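All chains are identified by letter, namely A, B, C and D, in their written order; residue positions are counted from 1 within each chain.
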Amino acid sequence: MKSSTAYTPGLLRTIFRQSYLVSLLLLIGAVLINYALQPNFFRPGVLNGNLQTFLPLMLLAAGQAVVVIAGGIDLSVGAIISLVNVVIVRLLGTHAGPTEILLAIGAGLLCGVLAGAFNGICVAYLRFQPIVTTFASSFVFSGLALWIMPSPGGSVPSALMDVFQGRLLGIPSALLIIVVILLLWNLLRATRYSRYLYAVGGQAMSAYITGVPVTRIRLSSYMLSGLMAALSALALVLGTGTGDPLVGSPMTLTSIVAVVLGGTRLSGGQGGVAGPMIGAAILSIILNIIAFANVPTWWQTLVNGLIVMIALAGPGLIALVRRQPA
Amino acid sequence: MNKSLKLNPALIALLLAIGLFVLGGLLRPGFASYSLAINILRLAAFLGIVAAGQTLVIIGGGEGIDLSVGSVVTLGAILVYHFSNGQDALVFPALAGAIAVGFGIGALNGLGVTLLRIPPLVMTLGMTGVVQGLILAVTQGALTGGSAQLMVNLVSSPLIFGVPGVVLLWLLVGAVLWVVLTRTPYGKQLFAIGVNRTTSRLSGVRVPAVLILTYALSGALAALGGFVLLGYTQRVFLNLGAAYTLPSVAAVVVGGTLLAGGEGSYLGTMAGALVLTILTSLLTTMELPESMRQIVYGLTLLLLLSAYGRQRKLRG
Amino acid sequence: MMIKISLAAQHLVKRYGGVTALADGGLEVRAGEVLALMGANGSGKSTLSKIITGVVAPDEGQLLLDDREVVFSSPQAAQRSGIVEVYQELSLIPDMSVAENIWLTHEPVTWPGIVRKRELLARTKELLDLFAGTISSSLQPDAPVRTLPPDEKQIVEILKALSLQPRIMFLDEATASLDSRQVERLFELMARWKAQGMALVFVSHRMEEIFRIADRATVLRSGKTVGSVEIARSNEQELVDMMIERGAVSRYIKRSAEREPRSTAPARLRVENMRTEVLRDVSLSLHAGELLGLGGLRGQGQNEILLAIFGAIPFSGTVELAEQRVNFTHPRQAMRKGVAYVPGDRSSEGLLPLRSILENLQLPSWMRYGPVLKLGKAREDAARIAKDLNVVMGSLDAPVSSLSGGNAQKVVLGKWLLREPQVLLLDDPTKGVDVDAKGEIYKILADLRERGTAIILYSSDDEELLGLCDRVLVLHDGKVQAELVGSTLTRSELVTASMGTERKSSV
Amino acid sequence: GGSEQGNSGNGGNGGSSNGPFTIGVSNGFVASEWRTQMIQDMQGVNAEYKKAGLTKDLVVQSADVDVNGQIQQIRNLINRGVNAIIIDPNSPTGLDSVIKQAKDAGITVICVDEAVSSPEAINVVIDQTEWARMSARWLAEQLHGKGNVVVVNGVAGHPANEARYDGVKEVFKQYPGIKVLNVVNANWDEATGQQKMADLLASQPNIDGIWVQDGMAQGVLQAVDAANPAKWPVIVGEARAGYLQLWQKVKQKHPDFTSYGVVNPPGAGASGLRVALELLQGKKFKDGTLKGDAHNTLFVPIPGKVDASNFEQQYAQVKDKPGTYTLDGSISEADAKAFFQ
């Protein structure tokens, strides 16, 4: 049947069209609860500290979202983080000067893009199924990470970390980065390229016969995801000041939960990047809430799980209630 | 599209398994031994049984996937361990209980996916967190109980020709699932749903009911997997099953079942489980640094994927 | 003003594994003419046009553009040479807006690839105005395509092709889902484009359309081009004979006059003030062995009636089967009570493409073959019904996607006939089905009617309604506009009723 | 923004004071019996201090988190204004900056179970390298200095894993007769350990000895028991109830079976708590107590080992405990005071 959600014209539509509307409300709710439990939440220092810890997952979710919008999924982002993380720290060496720093960061980002390209070639040109392909490639990447740095170590020039943990142009660096990413996304959203992304994710065959370079777009989506993973890794390096070949793996599945929390459907062709970044923030804030709500030790994991489930179920529940009267 | 490649993926996977095993024998004298073959069969049985439910869920389509199997395996084992408490008489009641619980958790997944329209991947992932949380909250980390001798005999000790019971149990599961998928209305309807839900509904199939049942079965089979795994380890651990979640998906895909749904077989999954287990064992027995093991494992998996399970060409 | 061009396709061959989609396809079209591409279902029309527009890679054969050989490795390549197609199965992205869809790949952009939104909307408006008066107010540039009815989707698809300012345009069954006014408008436009020197290739199964719009016709038969004729110097019979081996033309089978429906007998189906999002107080009754037609413009609620009776959508009002109040909330319940529904959209609502013909036929009936299926029995029954409907197929185990339109439609019918329904609901069952297959479907319906099955038939083809039905309800704007029976069951009555008293809101 | 953290704690200024103190705990990995026992031990010890009016309830943050998540845990503890934070670190170096922030906020930071490189923190740990050396030496001696050995390690790339294996390599260097056939990683997971061991036994008939880290020895012994080779290899074990119970079971069949388990005490957390309280009360370490590269590590003694000599009484202690219970031990208040001037 035509499951066409009735078309509501005018201003209302433009509001409801925002895929991240629900997640934004959730975020506000979460922040308020957090604030209620932690009165000093809005202290610049505290807020900045929180943003720094949220940032890596937010960046990762943004990259994951791009792949998802283009109709794919990337289970290797965590491994890419680990790989880039150790590459950067290795190249920074013991006492790095400006050139080493630039070199290391450049190489790290390139490394992420290449890893993404590897996924992209397998999925777009060889037409493997995304989930298992990226699951398989994640072993390759984490293996490489282990090979490059068998056990955690290395250090990062404290000057560099201070830049990240301090302020740029008077704004907390983490906040600045988030804002820049969102602005860049809005710019991208206005380009033809972003329409290709949505077209490929929405209906690859239609996109192809319309003349969209499907294969290349798929490839590029994975490269973007790789790049964002690399940025996330960079944020981790600057936050932790060390290299760790295992650091990324726990973040992979979380990034996907963040994408969905952000109102971006895994079926592709819909949603955006802002939502998933919000989703990532929500997931991190839940940890704060649990921390400040004095949840008994043994119940923390359960409470966390339940809150996430409820957050995921929220939109569905609303829709369900809406469906009932009909 | 391409008929020659579609030519029964289950068979391809089986050939791959045998090929890998022989290759192992060449690379590593002593690999292709009877005892190791038996050992591989046993290990494959654990993965295979856990991947059984995964197969059903994936065939059901709609991005169907169950990432909660790992945690349910752990829960199942813990329940049997606790309630059987080492007494043969209590093994089967405990098993029944564990399977019932697994069934219930799966049903919740199904409800979330159908009624609340939560994408299966995140629904089941979230369920993992909840189940793990429940285990911690209830046990507070103290896992008490015992594993009955009966269970140990059933799983570990050889029954006939040194073949342990768990392998026979696996074959039984395989036979049952083959019947279920190809010879029952449920199976036919599951494939139909996997291909096209609108058509199925308009042909009188109760799509949500079938899906909820499917996720429930996946939970139940995962709990069964926990039972057999317990028979092997004889002790429970908080992360007993975690290592099975994603491999179970890989086994299904290597077995030639489409992640898109609507096409596949459990026989394929069984072969897939064998392939993955042989690969892991081979890598274990070769003297390689862990980093190399991981890289080789990943690349080989990619190679397997290239054999089939590719998506259709854009340009006909 | 466009330069004169000509396109010739010669000896094109395309095989899909076993199936040969196109054995020796060819056509020739010049600027400023409309070429009708004709042929039965599965004769290769779509394949031929898709090869020319670069979507399908041919196995053999060549393309000549202005007498120079060309190879299109992708749709873009063909587009660059000014060749575009209005695809039979459409090429729209559901979640994107009308404007985004129409201009995809050639949006007006400024550096660095930023799309000029305002200009985009303006240009889209211009295009939409071409169909002003035949489309609803909800067809706006920024409306998501997902929310549009089939006819308006089709129009967007046409405008999308037009927006590329082509020199050669293929329209593959572009009229199949349009209503009569929209077809009128399309023909006016085609005439205009033709005058401007565009070459048009027009695929349709509707004879009267061919004779109205086409200059020449090229006919395909089972993958081979069997010839071309000047429409002016030809007639329906000749074309039909070229299209199908046996000269047998379908004839509408009217009820034999002596067996009038026994209106005195209690109604098999009665519907009282049915209301849905679209329907407004529809009531009807249907007797055993009666064939009731639903007419009117597309999307006036015809298929909502069928879906509601079948329990597939919620509604208010009452439905009685054999004088018993029923309240179906799921098709399964309706199915159990002997109601059957053949959906309008074959591929997405009627079939399981990946699965075998057997599984498609038996999908509603598996329960009958025991908890552990007696496959032998199921196969027998399926084979029988497939034979009755003479479905042309490799075997019951062949994937249903290997069937051509007509045969696929017979499978959809067959899966319900297996259950010997009391009430049969049909949503445009001959849409995109060739003359030959149409005839066979008419015959099946007649037999069912003789055997006392109560049938409701919605058709977008007025001839069909007039030819087949005992009674026709004309719907307009969710209400029954008129009931045509006996003397009033005429074309003119049907058309006037279709338009309704007041015209539809037009932008 | 460490400096800004400074004023965000209430009463978080270390120095001399006599409580009651609030102690925070950050644990970044929950799916482990060892960690749960560690937390229970700490809660036990804290109960004493609470009765004495020295502390309030422990503020425990326990969740499966990545390094970054643990940084967030610690930040939250800082923002709650606890007086001391006891960390079981997910990374030896990754927490340095947040630990510094804690220090700047005047909070005492103790790392247990595993050492961190940050000079601002005090590590209260057993010497993981020595822990490994002990069992490696025992194994080498059992083999009379020659034989084929396989090693079953934990998570490749995990610092504790590397530290321990370094110790092992060190020892084996002194015994040229010992040949390491193969090294596998079973991720501190009993089931994985059992499966990998089964593979090794089936494919390598000539294994004389097995060195295995704790958390997997049980699985390894089970695999050996199941394969039951003609000549049993010498097996390093672990000091867990489950393993000792299995040991006892094996002894029934193979009276001459012997093994060796070094205690890796979850009580480390409790020890850390005691040290933390001394520091909070303004005590200073005796000179030379702190060792390690950063001179910030307090090695608490390894509480003991299980071998043939003391198996019986050790087994008696744990024969009714859940299999996951680890032989334990933590320093007494007196021991703790002994470290201070």
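Following the convention adopted for this analysis, a contact is a pair of C-beta atoms (placed from the backbone, for glycine too) under 8 Å apart; a residue touches a chain by one contact, two chains touch by 3 or more.
Predicted model, so just to flag it, every value in this text is computed and none were measured.
Q: Quickly list, by label, the chains bordering both subunit A and subunit C.
A: The common neighbours are B.
Q: Among the chains here, which has the CA centroid at the largest distance from subunit B's centroid?
A: Checked the centroid distances; the maximum from subunit B is C.
Q: Please tell me whether B-C or A-D has the greater number of C-beta pairs in contact.
A: Pair with more contacting C-beta pairs, B-C versus A-D: A-D.
Q: Cα centroid separation between subunit B and subunit C, in whole Å?
A: Subunit B and subunit C have C-alpha centres separated by 44 Å.
Q: What is the distance in Å between the mean C-alpha positions of subunit A and subunit D?
A: Going by mean C-alpha positions, subunit A sits 34 Å from subunit D.
Q: Taking each chain's centre as the mean position of its Cα atoms, how many Å separate subunit A from subunit B?
A: 29
Q: Any idea how many Å lie between the Cα centroids of subunit C and subunit D?
A: The mean C-alpha positions of subunit C and subunit D differ by 72 Å.
Q: What parts of subunit D, by residue number, touch at least two of the other chains?
A: Only 30, 39, 64, 156-157 qualify.
Q: Would you mind listing the residues of subunit B that make contact with two or more other chains?
A: 132, 136, 140-141, 198, 202, 289-291, 315
Q: Counting only residues that touch at least 2 other chains, which ones in subunit C make the list?
A: 50, 55, 74, 312, 349
Q: Which chain pairs here would you call touching?
A: Every pair of chains meeting the touch criterion: A-B, A-C, A-D, B-C, B-D.
Q: Which residues of subunit D touch subunit B in the complex?
A: Going through subunit D, the ones touching subunit B are 30-33, 35-37, 39-40, 64, 156-157, 181-185, 187, 189-192, 194-196, 198-200, 202-205, 218-219, 222, 226-227, 242, 322-325.
Q: Hey, which residues of subunit A end up touching subunit B in the complex?
A: Of all residues in subunit A, those touching subunit B are 1, 75, 122, 126-129, 131-133, 135-147, 150, 204-205, 208, 214-215, 253, 256-257, 260, 265-267, 298-306, 308-309, 312-313, 315-317, 319-320.
Q: So in the complex, the part of subunit B that touches subunit D is made up of which residues?
A: Residue positions touching the partner: 28, 30-31, 33, 35-36, 38-39, 42-43, 132, 136, 140-145, 156, 229, 232-240, 242-243, 280-281, 284-285, 287, 289-291.
Q: So in the complex, which bits of subunit B are touching subunit C?
A: Residues in contact with subunit C: 1-3, 179, 183-185, 188-189, 191-192, 195-196, 198-206, 262-263, 315-316.
Q: Taking the touch rule as given, give the residues of subunit B at its contact with subunit A in the complex, in rising order.
A: Residue list for subunit B touching subunit A: 63, 65, 67, 112, 115-119, 121-123, 125-134, 136-137, 140-141, 198, 202, 246, 249-250, 253-254, 258-260, 289-299, 301-302, 305-306, 309-315.
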